[in-house]
């Protein structure tokens, strides 16, 4: 029996398809590994590229049944919906502008959706999509994958339990350096579509990584944003979208924060970092070293909590695979989102079924919030960093 | 098509079975994830426990076909060898004393073997097993998983290319703390069998982790041992096997080294660390932070090489899944060994087929060397740390 | 011969006096150690406290000649100016509001001034003081001590030489946690005066530490500020001055930056950190680990430059006392400012003498800039973080 | 009043002289800064070099009165003993072989001695010196300076209070890289005398740094050595003394340990590190980052104790100058030894006076133990690393 599920509910893996993720793509391969890791999913169909040749070649490369390699997502949604063994879920891993039409097609075909971030290329689309999810009642999981890291779950749990006291300060940053020079000019696929407003939407760094930082800040702190003031730049000549983002945040209730996201900060590979401070203590987490969480209660010695180690609580344990000292990484964190998705989808197999209370994943509403953040950043920056509500 | 292989050779995943790895086990689950991660393997049979009830329950839990859940490895080897869709490979993840009889049974049944370390409980068995592998010509992969880490491959490549000059010093250590108190007395399964000479063999910490450190030192430095002087202790009263190991090493050609392995060093979760120094430079790698490799050329600034980043060469790139800054971990390193195994097994599908030259995995000979190391440590320690050849 | 000077110009140590720094003070003791470290200074007079009893007791405690322990700085300036062996320089280490009148008294008495930061309590005073320094021609050294760290000198040199290319981004932060609770309410001397606008001026965290961060950012990047947008808070109820400062920066020429300064960030003891990124590379420096400088040239491996080690250039070497691996710290960095002051004062002993070109210390103009920064932060924050010029 | 003492006992600074420490020397300058830092000492005489020209030039450079710059230590001891304002103490900072005759001369002249390590070039001399100290009753302070670091005092206090339980394991290492190539061949002064058995004694790395590691291990753990097994190498051709030292340790009571000291480990500048593990917890300290102490109680979260921060106790506080987050370094640690020496010497000014109980410094007995360690290493290594008692 292939792909035996870790959770072992005997009901078999979830058949899923993929839109995007063909040759030259980055995130599609990540989704496939994440889906495979715990044996909960089975990839059986795909529309892997908008280029028919590439779609075909990509399907062959990953061993898809040629009959279920489709030329378009529309065709795939239609065909799979008719099959008795059709896909139960789809993973959408295309450029941002395709998220909305693809998700719409599958939701309307009665298929659950796992979608990469940001949710859509525009806020208008995002809101429509949220309404559609509501209407269809299908499971919709947005892969803000960093929320899947065990120590992020730990941090969130500590904040929720009041271990940090009243939250006063949130500092999030996400520097990278891969766009320090004009990579799109070389034809590199990732740089090209991510730098194209038609495919990406209004935000460059704001959309690609700023939205991750903002999502993580909300996820851990539990705070809601009141307004933001953003100063965006495109330092590389000719670049159409921002590559550096400075934001000041005002949260409801009085907490303050900052976000810095950059694609032009040499030395930073994928430097997502979150720090939260309250009246009783602070926490600090760095994505590149994700198995550690600093906890600094005011007036006591600094503590380093490790994934799987003493001090890590049940929220982290739920999504931990191996003992402390055996580092988990990006793929495990990503797979945790897939694991949560599997729980939700399995629950939905039963009429009216709901996932257990402890199932946590980024929803379409989180996606709406994220696109609103991107557009608010752009709007604020155009108005000389005026304070802007989402 | 389920479990599409990353390498995509179109020839389908490898059917494999598992011996050991039932409920309460640790490493079996790790093997299963590693086997799943790249879609190269398909788990179809198992003898998951020597306890029939537990075997059955474990098989159900992971979704194995009940017909192919066997009460013993002997039965499994026999039955699977007869099936047209029988397993091509077996993963042996039992206590050490079962490695030999199980491996023997499968090799003789014409089935490739992936076996956890140490190779066997005694050197005599190890040598017999090596002879059997030679005789049968089957693929035999020993999961010294730390050799699968990209930055370890990088370090090895740098040494081989002479970037460190003539190697003078090798410092390896592997401290843990999980046996600081008498855990076996609580009935904990891992502590119980690992502390039992009948199941583990002559070495405690020496066998469980010292052998990993020694293997890694050899793998990276390319040196061969001349002799060692070992001082072993069991600090926890009543413990039958060593829990702390101090070793001095003399390599052929004059290099020197030390190994420290401990299960009673509070604060260390899984502290494997390797440092190698030559006439031109040094390297340092820490398992808990495996995406980094310090390279310190003499007379130049210290360099931090990152997995996927600038400075990482082809040997690391071969076993890298995601870009720099997206941390890979223990499971990815382990899965790299499975990936190499898949390459070797696929090559062996063709009569006389050999894997490509760049396929690297720990062999049965490495296993013989490892058991020889364990027994030499024990022998040396009994003779007041006398210098001892393997 | 006491206090033999390291620089050994045979002209004897510089006689100096101190204003402030009596019992219960913090920074006065630091100045005294810094002055002593290289034997360039000799403490011979003091007006150590505005409280006569405390002044007397403090003078006795540190061994001052009772005759030269004065009840006020005014008296001291007058008396010392008349003595043939009177002080050549004074160190002013009082609360901020005393800086101006004290500095004025000594400058007018023909005595060089070493003054703690911020320069004064108001920008108006700062400008008057700058004019007075210009008029009197005396040496005026502001102890923005962090500019004395060797690796900060190194960073500055690298930027100046173009190793980072065109500077695009400056990120400075200075979090602390000592005011997480209402420490002033306990009567703690440092918290009391620093939280009192009459003694401190308009800025709390902005004035005490934000100005350090801003000074360091300018010192290393060589950039000039165009305008800033600041959002200040006082999170602890009843606090009159800000304890958390978020600032966005726009530099002339187009570079952008952020400053975060906080006194309510649990876990941070004295977390000054500076990062600068340009079109060719980045640098990162952390005050708590001051002997290291990360240099990350785009497209090459990350380098860790160490004080005294390979890669550290002449600007760092000038202010380095001990070899690499022998850590220098806060006091050595502070003493480097005193060493530079000594060079300037010794040069001034000769009529028309000027210090050598490589003598670098924060000047009264830097102090004006710093107070302007503080007041601009306060002004901006009051106008809803409007962009404000200094 | 010059050099006002921090401890402020009103009794004035201690007049001292220096033997060695002329131009080209390293450690002499360090002693002078350490002596100056707290104002407890006043340098008034010197025999700075065995070369009369260099002695004279060196004295002039540091501003010594030419009359009190002597051509030899013998002359200096004699002359100073006669002066009413003669030196009360001498700092001996020569190559090792001069320690004994110089110390002897000053002790016999009734002058207290502060002497660099190792104590002497031979164990025979060391024992004679210890007897002489006993006989004369003078203060004798050996500058094993690393015992002056606050977090080392903290570690020692924690062990003594039983926070680690019964000590089982001690791991000390002291790698450097400055002798990776044949530096002595270039005429470099430090490399030349340290590599010359006539000036250094029997040990190379063992004597220069191994003895520091051993001293620190004893100081913190409180353990006494039973025996050692050492394997020494000189990797650089033509080198007469060892440059790499592997040692296994057996302590009385059953604890075990290892020391690795090396001068040929590229990337290590001054990598002294100490780890101690007991039945209840562990500690880890790294000299290059001396303000941090890891404390890892078994079964609780890892704690990072910082100098001056929460968790640092009275033993550390006694030798702490500035608040947490303001890093202290090598010179402050060294100065702490001088501060302790000052306390002892001041106590001795009163007939029969003894320093307070909490005054701690390395004694002549520690020095005997250190030289015994060096000679035992050499002896053991010559006998194929046989177990050897000191």
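Observations on the model:
We just call them A, B, C and D in the order they show up, numbering each chain from 1.
Definition applied: a residue touches a chain if its C-beta (ideal position, glycine included) is under 8 Å from a C-beta of that chain, and two chains touch if they have at least 3 such contacts.
These figures come from a predicted structure and were not determined experimentally.
Comparing each option in B-D, B-C or C-D with A-D by residue number, the pair that reproduces over half of the contacts is B-C. Annotation: A-B is the more contact-rich of the chain pairs A-C and A-B, by number of C-beta pairs in contact. Comparing mean CA positions across the assembly, the chain most remote from chain D is A. A straight line joining the Cα centres of chain A and chain C is 44 Å long. One simple way to say how far apart two chains are is to compare their mean CA positions; for chain A and chain B this gives 34 Å. Residue positions of chain A touching 2 or more other chains, listed in rising order: 268, 302, 306, 309.
The residues of chain C lying in touch with chain D in their complex are 1-6, 8, 10, 12-13, 26, 29-30, 32-33, 36-39, 42-44, 60-65, 176, 268-271, 287-291, 306, 308-309, 321-332. Within the complex formed with chain D, the residues of chain A that make contact are 295, 299-306, 309-311. Only residues 164, 168-169, 171, 177, 180-181, 229, 231, 233, 235, 244, 246, 248, 250, 254, 256-258, 260, 262, 264-268, 275, 277-282, 284, 294, 296-298, 302, 384-385, 387 of chain B touch chain D when the two sit together in their complex.
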